[in-house]
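Below: a set of structures, written as structure tokens.
In the two complexes below, chain A is the common chain; its partner is chain B in one and chain C in the other.
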Partner chain A sequence: MKNFHYIGKETPRPDAPDKAAGKALYIHDLERPGMLYGKIKFSNHPHARIKHIDASKAERLNGVRAVITANNSPEVRLGFLGDNVALKKDKVRQYRDEIAAVAAIDPDTAEEAVELIKVEYEPLPGLFSPQEAMKKGSPLIHETDAQGRPRTDNLVPLRYRHQSGDLDAGKRAAKYVAEGEFSTPRVQQCCMGTAGCIAEFDMNSNLTIWAKTQIPFLAQRDFNRALSDMGLRDKNTRIIVPALGGGFGTGLDTHAYEYIAILLAYKTGRPVKIVYARDEEFAYLSPRQSSITKITQGCDQNGRLTFREVEVLQDNGAYTSWGATYPSVMMMPATSLYRVSNIYFNAKLVYTNNTFCQAMRGYGNPEHTWALESNSDELAREAGVDPYEFRIINCNKPKETTPMGFKVSTCGLKECLQTVAKKLDWKKQNKKGKCRGKGMASLVHVGGGGRIYRSDASGLILKLDDFGNVNAYHGGVEMGQGLHSVLTLGIAEALGVRPDKVFINPLDTSTCPWDVGTHASRGAFMACNAAILAANKLRGKIFKLAEELFPQEAEKNLKKYRKKNPGYKPPAFDFVKEAKKERFDLKDGSIFIKGAPPEPWLSLDLGRLLRAIHFRTQGQMLATEVFYDPPNELPDFAKGFGNISATYAYGTQGAEVEVDTETGEVKILRMVAAHDVGKVLNPRALKGQIYGALAQGIGYALYEELQSEKGKIVNPNFRDYKIPTAQEMNFPIDLEFIETNDSFGPFGAKGVAEPGLVPTAPAIANAIYDAVGIRVRDLPITPEKILSALKKLKASKG
Partner chain B sequence: MKAEISFILNGSEVNVTIDGHLRLIDILRNTMSLTGTKEGCGEGECGACTVIVDGRAVNSCLYPAHEIEGKSVTTIEGLRMPEHKLSEIQQAFVDNGAIQCGFCTPGMIMSAKALLDSNPNPSDEEIRDALQGNLCRCTGYVQIVEAVKSVAGQIMGKK
Partner chain C sequence: MRRFDYLRPKSLKEALQLKKTIAGAKYISGGTDLIVQIKNRELQPTTLISLRSIPELARIEINGGARIGALATISDLIQHIELGHNYPVLIAAAKRLGSLQIRNVATTGGNLCNCSPSADMALPLLVLEAKVRLQSAKASREIPLSEFFKGPGKSCLSSDEIMTDILLEPPSQKTKATFLKKGRVKMDLAIASLALLVEIEGGRCRKARIAAGSVASMPLRLFDVEALLEGSTISKDSVSKAQQLARDTVSPITDLRATEEYRRHVVGVYMKRGLEKVFG
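Our next item is the complex of A and B:
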């Protein structure tokens, strides 16, 4: 295996010292001269016609600079189906519908003004479950589509389907069958730094927006479209991304509040800032999509899977954002986790009057893996096969092509399973007398980008200065996950400079090259692949110029060296003749000729050479740009086929739990996680990714749920919406990284941002079953659900 | 109701005019431009706004500004050592990978600092207990606890 200089070594993150000092600037910390504060008036009804909006009192309030409604501002459409508008005109379809907005000189005035806006509604019947909304004759949530064509039902016009093999034959071949319906709730991403932006126009009517986004370049396209909706044709948006207080998917779409800030900024001619308060973040930001999954699997007498049948029903909420595309990711485990050849997958999405949803870490994968891995456990037990053996029997293998057409390059799933079984002492009996049990669950996820758009590319510009520093301009978003840390190491490694000579510039669409967005665990994979390409180009340029300049500088060095060391006899080495571009190497910021004697004067500081290249007639400054587009394909999701990623990440997590049958509490005794990461880039940063994801997985498994009553979020605060604290995470977590050294991966690495939370919930649920013999099928697994299942179990046993 | 108050902020006496309903966090972030203290919820539920008042970790979002009169406040900005160095606990967070998005970090560090000042050698339990009011969505707390422990160990070693 290749020896790396920086890759795989413990290196503190470059952004950590400033964050530790409280110097990192988040959207909350930014101000612009003359800045106004925006505030939004949201709906009081889940479904109603807007009869009248009276904003006159708000307009008259001292300190208010603008009040906008759909009546006095241009219509700006949003969402990939265009079924939403920034300000609602005739109708509200959810509690979080934006009706009006205010810009004022301070936040208090803005808030007061919003309270003064009075809206008259004519309530309409609300639909709060997909089953209800699907019924024939249900009131229509959208009477027309974005193009104004009449609609006849509440189904979202999106198709996700996969069919492969022969389902009936698979069913006939099955000796054992397990079926079940599983559900997952809406949960909030809970970034500790809430959402917000500052919008500002220059006098040419071009927009600058400081945005908490993960997709600056797609957002640029969205906002440019909005400018054109506002009558500002051919105007441009510049997006600057400040430090992000977490992302987790929240930044994958553009948001109504951003369009509203833009409208207010244009109207007032002043910068306008909108930042969500915590209760707004809970109630008015798109959470993780909920799901209902019916799954049936069968296996033969040896435990080999013969078929898998899946029907997904999703509550889409009132409008369409990326939550509606979760089935495109659900298909991934449905078709490609474990070997199974006869598959049917179908998903239906239905508009309701609930909040609409967006991306969150895992993006459909935790939802589906919850159903799949719970059901796999049931099937294994039905067939009398040990659940671990069952997974080994059906394990994916390197070099296989899955029914969805995934070309698996490397696959460490078997090693992951074995590691978890070993560390969890799988074969050891559970302690007698205590309600303890063990469970495991696995995952597959994209690990080499994820083409969900025409381009899955990532650009990188490297610019060298006179001092041997490398300035990097990259379009990927650092939101806490450590992208800048691995990009720094990747550049340092591939170019041959020290990491402290690499500077990653703030993300600004006007200076950084295009990147599709920081999603799908693609950040490190893309950035480091781009770094390798760029470094190779740059080394080529440097070495070419060194043919001429290295001898001249080495000569000068030698002279100085001789002066200091009188009587020095240089070894016989013709560095003029040997100075050929293919002979040079660059390491730790020094250029030298490979195989040259180790004389100090024969090694040249990069900055020195760069100055020689710069300061002469016809001098040059060196920079390079690359655009890395991975070898993957855009799947046809209606057919459920296509190699979406260049490589795939696998993993297995195991849990040991103790269930208190009196209270229904689940105590996690320990967790084990083994992940096929391709190659560890930065050990501590990688561990942090898995620990953090795992904590989110535990919240998802045991208590997190964004509760709503008739469309209204009723727990919009950390008192009623619990996320894990240091106390809840008080158990050992044993991590193991399986290095499969993927040929597509930069330095062998795969993306691993999301996998850490994908199998956590089913691993815990399987452990609970092992402990007390009950299976809760609806997340979160609360004490109440456990107690009621225990009661049923007792009753059935008589 | 406007009032003049004076208090010690990161070691220096300051005088500020406050409005009746202001909170300590408003004084710190807005009046004093010390934006290292973060507001994650404004309701005493997340700990991002933690500062140390007279040796105790408090949520500055719940702390009425007028009650700060005569007291001593330390914020994250007050921890930095001379010669542009991070303090021991800050450096421990950096070295142990305890920082991801960093939004919880200043509050987390202030809670850890208050703990270590009063209990230089806390147990695992005591660390988790002291930090349970500080939410972090990124790290799962593992490396945060390790960071605090590493400093506790050092202080022990020095004795």
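Our next item is the complex of A and C:
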């Protein structure tokens, strides 16, 4: 294996000191001269006709600069199906529908003005579950589609289907079958930094927007389209991304509040800032989509899977954002976790009057793995096979192609399973009388990008200065996950400079090259692959110029060295003849000839060479630009086929729990995790990713649920929306990384931003079953659900 | 948030005077409940009169018993060594109140005057049979805490009064006490909680004081269970009876935090566990 200089070394993140000291500037910290504050009036009906909007009082309030409604501003469509508009005109379809907005000189005035806007509604019957909304004769939530064609039902026009092998044959071959319905709730991403933006127009009507986004370049496209909708044809948007207090998927789409800020800024001619308060973040930002999964699996007498049949039903909410594409990711574990050749997968999405949903870490994978890995445990027990052995029997292997067409390059799943079993003392009996149990669950996830758009590329510009510094311009978003840390190490390693000589510049669409967005665990994989490409190009340029300039600079060095060391005899080495571009190397910012004697004067500081290049007649400065597009393909999700990622990440997590059978409380005693990460880039950053994801997974498993009553979010605050704190994470996490050195991965690495969350809930559920013999099938697994399941178990035993 | 004036009187007298003269004024101590209510527009005071610059209100005195100034923060209680030594159950509850940041500003009197059914400090103070001193411009009165609460957000504190002190009897060497709290996570409002204080002599329960939180419209003394236990020997049977009676006595509601049934159940379990704990 290759020896690395910086890769794999425990390195503090370059952005950490500023963030810890409060110096990093988040959207909340930013102000622009003359800036106004925007505030949105939201619906207080889940489904109703808007009869009348009276904004006259708000308009007259001192300090108000603009009040906009659908009646006085252009229609701006949003969402990938175009089924949503920034300001609602005729009808509201969910509690959070935007009716009007105000721009005022301060936040208090804006809030007061919003309260003065009076809206008359004619309530319509609401539909709050997909089952209800699917019924024949249910009222239509959207009477027409985005193109104005009439609709006849509440189904979302998206197809996700996979069929492979022969399902009936698979069923016939099954000796044991397990069937179950598993559901997951809506949960919120809970970014530490809430959503917000500042929109500002220049006098040429070009827009600059400081946006909390994970997709600056797709957002540029979206906003340019909005400008066009506003009659500003051929005008451009420049997006500047401030420090982000977490993304977790919230920045994967553009939002109504952003379009509203744009409309207000254009109307007032002044910068307008909209930032969500925490309760607004909970109630008016799209959460993770809920799901209901019916799954049946069967295996033969040896525990080998013979078929898998899955039906997914999703509550889409009132409009469409990326939540509606979760099944595209659910298909991944459904077709490619464990070896099974006869598969049927189908997903249906239904409009309801609930809040609509967007991306969140894992993106359908935690939902599906919850069902799949709970059901796998049930099937193993049904077949009388140890759940760990069952997973080993059906384990994926390197170099296989899965039924969905995933070309698996490396696969460390078996090692992950073995590691977790060993660390959990799997074979050791649980302590008697303690209600303790162990469980495990595995995952597969994209680890080499995820092509869900025509391009899955990532651009990088490297610019060298006179001092040997490297300025990087990259389109990926640092949102707290540590992207800048690994990009810094990747550039330093590939180019041959010290990490402290690498500077990652703020993300701005006017200076940074295109990148599809920071999602699908692709940040590190893309950025470091781009870094390697760029570094190789730069090294070529540097070494070519060194061919010309190295001899004269080394000569100067030697002269100086001799003056300092009288009587010095240089070794016999013809550096003039040896100075060939292919002979050079660059390490720690010094250029030298490979195989040359280690004389200090024979090594040339990069900065010095760059100055020599710059300041000669017809001098030049060095920079390079690359565009890395990974070898993967855009799948056809209606057919359920396509190698979406260049490589795939695998992992297994295990839990040991103790259940209090009197109160129903679950105490996690320890967790173990083994992840096939390809190669560890920065151990410290990587551990942070897994710990954080695992904690989010525990929230998903045991505590979190965005509760709603007839479409209204009733716990829009941390008082009643509970996430795990340090006191819940009060147990050891034993983490091990399996390095499979993937040939597509930069330095061998795969993406691992999401995997830590994915199998956490089923691992815990399986441990609960092991402890007390009950299975809760709807998340979160609350004490009340445990008690009720225990009661049923007791009753069934008589 | 609506604008309001903020005043910070230096004496109790001035504070009482200000309240009388300003319409729509509210007292504020730690503000950890009040500011939330104002932000949620449940309250819209014209003026907030802070009690934080009145030094005698924050004092803690040990004088055989204890006098705890109503403005003493929860962290003040936790850091007071003698208080913790004399009334460990009080500190056990204090440590479970909110987060460290909240404990650093929330006050003992504030926790009581907010009159939440889940008030963590109310339970140990109820079983310790604390009295509270209420001061108006004209008079001062002392009443048992068990008579203070009148319902959610309601107490017998009149609008011209300030709670100045919480008074505790000298600790008894013969009593044992415990505090149990169930939240959805550790740092949470109680969905059910219980404080228990008993005096045991020769395996017999001579005195029992029990209080439960979040299971009625106010922090509740469980007098019936106390009566059941007092004078009886502690056995599996009496514990089980107490568990059942505790379940039946309380009158919780179902809300988004927990169901009525679960709150009842937990109070019963805590009754049992509390007794098992204090009786070893």
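As a working rule, the second predicted complex is superposed on the first by the 798 of 798 C-alpha atoms of A that agree within 3 Å, B and C clash if a C-alpha of one lies under 4 Å from a C-alpha of the other, contacts with A are read in each partner's own complex, and residues count from 1 in each chain.
The working rule: a residue touches a chain if its C-beta (ideal position, glycine included) is under 8 Å from a C-beta of that chain, and two chains touch if they have at least 3 such contacts.
Just so you know, these numbers come straight off a predicted model, no measurement behind them.
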item: Partner chain(s) touched by A:L140 [first = chain B, second = chain C, both, neither]; value: neither
item: Touched partner set for A:L669, first chain B, second chain C, both or neither; value: neither
item: First (chain B), second (chain C), both or neither touched by A:L155; value: neither
item: Residues of chain A touched, compared between chain B and chain C (which is higher); value: B
item: Partner chain in contact with A:A16 - chain B first, chain C second, else both or neither; value: first
item: Which of chain B and chain C A:P724 touches, first, second, both or neither; value: both
item: Partner chain in contact with A:L61 - chain B first, chain C second, else both or neither; value: neither
item: Touched partner set for A:L167, first chain B, second chain C, both or neither; value: neither
item: Touching both chain B and chain C, residues of chain A; value: 719, 723-725, 727
item: Partner chain B, residues of chain A touching it in the complex; value: 12-13, 15-26, 28-29, 189-194, 243-248, 277-278, 479-482, 684-685, 687-688, 691-696, 717-719, 723-727, 729-730, 733
item: Chain C contact footprint on chain A (complex, rising order); value: 108, 111, 662-663, 665, 703, 707, 714-715, 719-720, 722-725, 727-728, 782-784, 787
item: Residues of chain B defined as touching chain A within the complex; value: 29, 34-43, 45-46, 48, 75-77, 79-80, 86, 90-91, 93-97, 99-106, 109, 124-125, 127-129, 131-145
item: In the complex with chain A, residue positions of chain C that touch it; value: 1-3, 182, 184-189, 256-259, 262, 265-266, 269, 273
